[in-house]
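In this document, chain identifiers A, B, C and D correspond to the written order of the chains, with residue numbering beginning at 1 in each.
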């Protein structure tokens, strides 16, 4: 996200505008935590993980009154255009502000990659590589034939991160919120995998999967027969780390595009990546919809796991 | 590339086909270096850098006679469909084979990212992150106000890697083959950067830039006034390293899509990424064209460097 | 460990000896899984995580009969000298074999770093850097003032990895098997940390700590007051990954030193790193003892956390 | 280095002392660039590469008058104890200040690892891992049999970094300032390496080696026979990057030990790592001496390269 903040600020300066950062999200907006940005201040933040502006949840902003108050706050502060960087919740907030007269452009940033209207969102690529690194490391030592490794990755409602890290890491199975696995078949796949002499059995599980990481872990450990399961819970490790090149470039392009859009009079729009290009879409079309997981890619994950065809837990 | 080989093989096995790897590219094809692939063999290659099949140049294959002989070689070996993974040269070869009756599908893989018809090619993302890591490290210590750091990255004809790593790394300037910089202006930008109190001046230079890394390096060192320049030449460091999540997923998707295309009777086509989807394009449209560098992104790089507007070397 | 295998083999070849790898540890030894090693075979293993020879537990080898049979197996195979690479268990086994007439030299390799007689063991540095990377990433986003982050790292009996990664990562607290923390004080430290305005509270917990990661996690979540805890369980992630420079150099030096020791007639000895030098110690002195955690370093961890002096959970 | 600054500050606060950072080294000392440090300020610097205090060379401080003026400056500022972090030059400066009545303790920090009296210095491990990563990446693609890869690493007078990264990376040869290689033999080793079918030939060259990276590069390219050489010059990449666990722990221990030493009345001493312990040595013994490269390790590098015994360039 820092790369987007820097891009917005530098693009604003290039247009002789002032730039102000709002700390701690909508809560900070309501509390008036405005921080004027300078060219120098945004100079060293590009490679840092997290966000220098901070994030926070606001219950007040969830109400129409809170939204109204936020809009007035911006007006009083003389803010002529607002760039909102965030996921579904933040973008919905942006739409609410636009409805109250604020000129606003949204930038999608969420590791779930479920924002409609963009190929991908800021943060996805970095989180994916972090999860992948963990899977790669587990694979290095996962040479005992009677051991399953369960890796829990983020994703309460969306299995994108789990599915993609499973494919990139060469996991044997993946469990996501969007699809209900056949439990017995998963266990059969696991057993088949020993008979094939596979050196490992790695299952990537999204937080919100119907069969949770903890459940699968216990399921294997209780199955008997000398079989063991080991668990890894990545947690907030996935939210940090210096951003990848892809994320920094995406954020830089989206940030500059947002300022350009504002300067051309756009409002109530979101910047989306479509192919090689940045496009503008109405926030009203984006909010309330979400990009579903591609079932073909879910199927591909199983093909790539290399099981014989009678094995399928889908 | 290994991820693509694995995906092609596993997708083939899922269709009850046999899969054979050809080692050392077109030279290996002419020399008959065919290696039958098994499910197990492709199991551990996903996270490895480089390519297990090797690469090589072939002068013989560049001739019509060589191409004819290669086509016959494939015929005799009973190869019913060929997947070619590579850049402009490899894809041109694929087209030549198709013209000689070989069923062939191409997959774009080159760190230059200049293949027409695809948003990106296998290898670009990994090389970009490697170059970025080097720039990040230089930035950490680049705190002496009178020092320029020159980083040479790959790209003889194409500045994509240089431009994108400069943006991602927050470099002050970038020199690419596609655009001729104004030499005096670059030096002025460098001097301006001290006056502004910038803690570093990093220039990313593509191998084929009109002003080479070595030339700029000497230019600064000879300018006098206690100014020094330090040089980093990344060389083949950029071609290795465990592939990123993006590259592994892209390769997995392209590899399975190529086998699917062959099974549906396609030939003389290339798999291209367009937005979130894989598309098929005729190789004849791809070969001979190349994806040019986007001048808007070149301009954005300068905006993001944060110079006052009278400074521009473009 | 691969670096040690390569060093043993190459040093043996330099002495015109043959080298044989025993797969799957003592179990493989009893089952006769001997694999002749060649110069080429050990060429590409240096940068790989895990061990190409595999590991396994053997209940048979734990008995005197098993040990006797293993000794005879080596004799029949014509093995004139054995290098054993591993932790306390493996080194004890080495001593048992020596007592049965096998010429043996041990090399300490365990991520617990509790082997007596050596400054450090193979694997410690790599595991430490992996744990550190996770902590660094958590720190990037750990900016919510009312959240604790609990990170479970390996160490059932030994807190070395937890303590050192806590220091390297700048964690606020660390829980290890060797010391009983004062539970109320830990919670007070946590509360104090918000009052001080600390942007994060990270606790590193060894698997075998008296207050487990799960317990501390629940303790915080149940404390009320809007406080949340997030958990990360690193698990086997810590056992993999390409080894660090330190580990590869250590393994290379220990491997060559072991062959040199055998060639000079040593047996029943272990190679230990002491300062800049490799030393030989009797296995009988090493086995049964262990290197205790340094209480001064445990104290230092608390000093470095930067709490006011009335805060201490030790 | 930041880890050492943080440790010194936090250990000082634990003793109810104030802590002041001096920016830009001895030059900053002469110019009075004193920056009071707070608990919070040193909180986020642990994982950052480079040094927050900056470095600079000072010609004035090299003179007795400059040293005298520096000592008075410290006196006037009420500095009761000084911790100097740096290499040979900085430690010599520390001794000069001590001779002028300043209470001073030194901490060795240099990527050359040539400081006498300590097993290793701050920064060595991080630089080593950076160089190693580059070599690993080159190895991934170094599969063309008639290509040499030359990697230049830092070390004008000292070959430690080159030697150790060559061993860790499995390079075929290493050229260091301390030993004169036999030029024809190096070329023979290179040719022998193809005949053996080795997939790569990597030479690590220290900046100050008698045969420079550029010279070896040209030597190979001019040798004819289709042989090519590729060069990588790492430059300042080696000075940056988030410090490794080893370096952060070393710096933390040395920083706290330095404050402890000052509080116990020590002066004119250096903290050295010896085995698992921190020791105090007189700066007068350290300055003017240097830790030589171990010829046994230089020899080991050649053994590990796995050449037949008639090949030796030493």
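Remarks
Note that in this section a contact is a pair of C-beta atoms (placed from the backbone, for glycine too) under 8 Å apart; a residue touches a chain by one contact, two chains touch by 3 or more.
Every value quoted in this text rests on a predicted model; they were computed, and no experiment measured them.
Least step count on the touch graph, subunit B to subunit C: 2.
Here A-B and A-C were compared by C-beta pairs in contact; the pair with more is A-B.
Averaging Cα atoms per chain gives one point for each, and the point farthest from that of subunit C is the centre of B. Put simply, the C-alpha centre of subunit A and that of subunit C have 34 angstrom between them. Distance between subunit A and subunit B, defined via averaged C-alpha coordinates, is recorded as 26 Å. Residue positions of subunit C with contacts to 2 or more other chains are 136, 139. The complete set of chain-chain contacts reads A-B, A-C, B-D, C-D.
The touching residues of subunit A, when paired with subunit B in their complex, are 6-7, 10-11, 13-14, 39-40, 42-44, 46-47, 119, 125, 128-129, 131-132, 136, 139, 164-165, 167-170, 196-199, 242, 244-246, 248-249, 252-253, 256, 274-276, 294, 297, 300, 303-304, 306, 309. Those residues of subunit C that touch subunit A in the shared complex are 48-51, 54-56, 130, 134, 136-144, 149, 230-241.
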